[in-house]
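Two complexes are shown next, each including chain A; its partner changes from chain B in the first to chain C in the second.
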Partner chain A sequence: MLNKLYDWVDERLDITPIWRDIADHEVPEHVNPAHHFSAFVYCFGGLTFFITVIQILSGMFLTMYYVPDIENAWQSVYYLQNEVAFGEIVRGMHHWGASLVVVMIFLHTLRVFFTGSYKKPRELNWVVGVMLFGVILGLSFTGYLLPWDMKALFATKVGIEIAASVPVIGETIKILLAGDSTILGAQTLTRFFAIHVFFLPAALLGLLAAHFIMIRRQGISGPL
Partner chain B sequence: MSNNRVSRRQFLGYTLTGVGGFMAAGMLMPMVRFAVDPVLQQKGAGDYVLTDQAVADITEEPVRVDFTFEQVDAWYTSEVTNSAWVYKEGDKLVALSPVCKHLGCTVNWGGDPEQPTQFFCPCHAGRYEKNGQNIAGTPPLGPLDEYDVQEQDGFVAIGQVKPNTLV
Partner chain C sequence: MHRGKGMKFVGDSRVPSKEFRKPNIPKDYSEYPGKTEAFWPNFLLKEWMIGSVFLIGYLLLTVAHPSPLEGQADPTDTAYIPLPDWYFLFLYQLLKYEFASGPFNIVGAIIMPGLAFGALMLAPFLDRGPERRPSKRPLPTGFMLLAVASIVFLTWESVANHDWEAAARQGEITEEVEIDTADPGYEIYSASACISCHGDNLEGAVGPSLIGTGLSPEEIAEIAVNGIEDGGTQLMPPSWDGTDEDLQVMTEFIAGLEAE
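== the complex of A and B ==
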């Protein structure tokens, strides 16, 4: 049944080359943990992507209940965690995944560094990778404020002061982030929500696409 | 007529680029202005807030004075209580902001038992002299901010925060 459906579509749109191009590619022996167990270090990039997908999915579902308003944000997080079925699980996935994705991206960076994979001709992919690291840290920073509890508030106060310590433009960065020159409040929460849910994920997806297209064009770096 | 004749193709290229640029700017300009609005907003100077701290009770030892005012945060208006460290310098009232100039934690007078005559920040052990001067070798890079302060009917009234003028 499914085969017939596939053939029907393929006959008209010739989709086989498309997915072959994406899915069919060589995995060299030196990066395959089935051949050399130590090759598991080559999995950290894929694990980063896997957790990122979990973050995107669990985040999409969290916004079904979350409200980015200072009167209701904490209540809505409390409700979705304690009243909604599996709320603790879904929020837990997003909460723990957020830390794990930073750990994984860091291990991936170490692997690329110590195998020298950033060298010519892969310099540009390293640059994009560093940008991705920055975007992930930005997502961590903006997401931390959203539960709007005391820990989130004061962590963000400190984080914004760090941003404000940038020479010359620090004060402008601070106001752009906080939405006000003195108050960390209603406008900060909506801004952080917008940045966390729309702006940074858009940047993340664009950079990820560039990251993957480049690795596919250049292939995985050779054995040590 | 110049020697460099513009071909039909070039003319259309310039025209389309111009129109396209104009349309892109027309879309982006409102969005960018929308996003940077907080940077460009002017804040009016606020009034003095009367506290319930009698000026007669203020000594040369800084005391914490709380003051409550109505804070307008965009669509959210609320009562906010801040505090200041107030003491007398001769006859003059001095009010210092408790916000640490390192990363914005709250400093306490004599918070470090070993330095009873200094302000102390518990977050990263930043210290300040009584006049707000940050102590070299501790994290803060500048002196504590100062509040405009005056006496109203025998009570302390706190005004706007400003950079330290004492050090």
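== the complex of A and C ==
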């Protein structure tokens, strides 16, 4: 039955090559921790992706309760944390996941750097990877404000002041992020929410797709 | 094989004409050297086992340490000492040094992080040699080790210099409760020395808030009479000089204050 369904789709769309790209390929010995334990350093990229998936899922559930406005944001997070069944777990996973994903992407970057895997022909994939690092830091920065508690507000204030000290375009960046040249308030919260939930995840998914397509095109770099 | 521009297609579709078609059948597994393994399903299963172990650690962390939530944001509180999340601490610490703050703020805020991030992004174009072993490329390896060491050092300095107790105190969720000012307990409270440190609504001022302390009336009475001493420093002086009857009424009033 499943085979027939597959054949029916394959006959029309020729999906076998896609399937081969995703799943039906060889994993070389030097990246397989079952053969060389030290190859666990090749797991960091996969774990980064794993946490990213958890972040997306837990974030989707958080938005079922979260309200992005200054009157209710803190109240909704407080309610989520203390009243909603498993709310503390879902928020906890999103909170700790944000830290873990930074740790994992940092380790993954170091692995790629020290094995010299960014060398020809993989330069473009490295550039995309560094952009992904930037996007993840952007997600961390914007997500930190959303609970609208004291530490969030004042950390964001400092962050925006740093952005404003960029010569020439600093003021524009500040207004773009905060929604106002002096006030950090209702506008800032909704903007950070939009950036955190729509703009950056869109960029993240696009860059991730590019990252994965490139690695399937070029294969993993050979042993040292 | 011809690729890119000049490729011939079948009609105007995106399917290349036969002689340009890339064979999409991968090499036979036996053509790979060493102990290779099929990604699907063998290797993916092992990867998932590593993922499961990781997930258990992750969940234990989540359960053991509930994510923090401080009091609701209050932009009028100018005394609050800000602190970014831990992965930005190194940058925050950098901006505290003389050569990177005040008139040189641009050095710490833009030039140094910009150079570091730019160099990271352009690493493949700066380090173009064919060597891949870290020991054979001393400059990239050295710069990266230096960068990692600086990040660790700056984060360490930032954590060591931060007053964590003050940070925990300033972030506390202040619990609101309706104070019945007609209560005889409150009248005794407002007439005593207590009110000068613990505030008109027992919300705390110099001393901490007295709402939802979780203490029994006897424990509160003991503190009011004897004060609090910790390792030789007097955190609260002995304050009560009224009658025992009044003390009992007041401590029962305070012990009965629970946050909503």
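Heads up, the rule we're going with is that the second predicted complex is superposed on the first by the 205 of 224 C-alpha atoms of A that agree within 3 Å, B and C clash if a C-alpha of one lies under 4 Å from a C-alpha of the other, contacts with A are read in each partner's own complex, and residues count from 1 in each chain.
What we mean here is this: contacts are C-beta pairs under 8 Å (C-beta built on N, C-alpha and C of every residue); 3 or more make two chains touch, one makes a residue touch a chain.
Source: prediction; values computed, not measured.
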item	value
First (chain B), second (chain C), both or neither touched by A:Ile162	both
Which superposed partner A:His30 touches (first chain B, second chain C, both, neither)	second
Touched partner set for A:Met64, first chain B, second chain C, both or neither	neither
Partner chain(s) touched by A:Leu176 [first = chain B, second = chain C, both, neither]	first
First (chain B), second (chain C), both or neither touched by A:Leu2	neither
First, second, both or neither for A:Ala85, with chain B first and chain C second	neither
First, second, both or neither for A:Leu13, with chain B first and chain C second	neither
Chain touching more of chain A, residue-wise (chain B, chain C)	C
Contacts of A:Gly185 with chain B and chain C, given as first, second, both or neither	both
Chain B/chain C common contact set on chain A	70, 157-158, 162, 165, 185
Contacting residues of chain A [partner chain C, same complex]	17, 20, 23-30, 32-35, 40, 43, 46-47, 50-51, 54, 70, 74-75, 77-78, 81, 88-89, 91-100, 102, 109-110, 113-120, 122-123, 126-127, 130-131, 134, 137, 140-141, 144, 147-155, 157-159, 162, 165-167, 184-185, 221, 224
Partner chain A, residues of chain B touching it in the complex	35-36, 38-39, 43, 71, 73-76, 102-105, 123, 141
Chain B-facing residues of chain A, complex	70-71, 157-158, 160-162, 165, 172, 175-176, 178-183, 185-187
Partner chain A, residues of chain C touching it in the complex	24-27, 29, 32-40, 43-44, 46-47, 50-51, 54-55, 58-59, 61-63, 65-75, 77, 80-88, 91-92, 95, 105-106, 109-110, 117, 120-121, 123-125, 127-128, 130-134, 137, 140-141, 144, 148, 170-171, 173
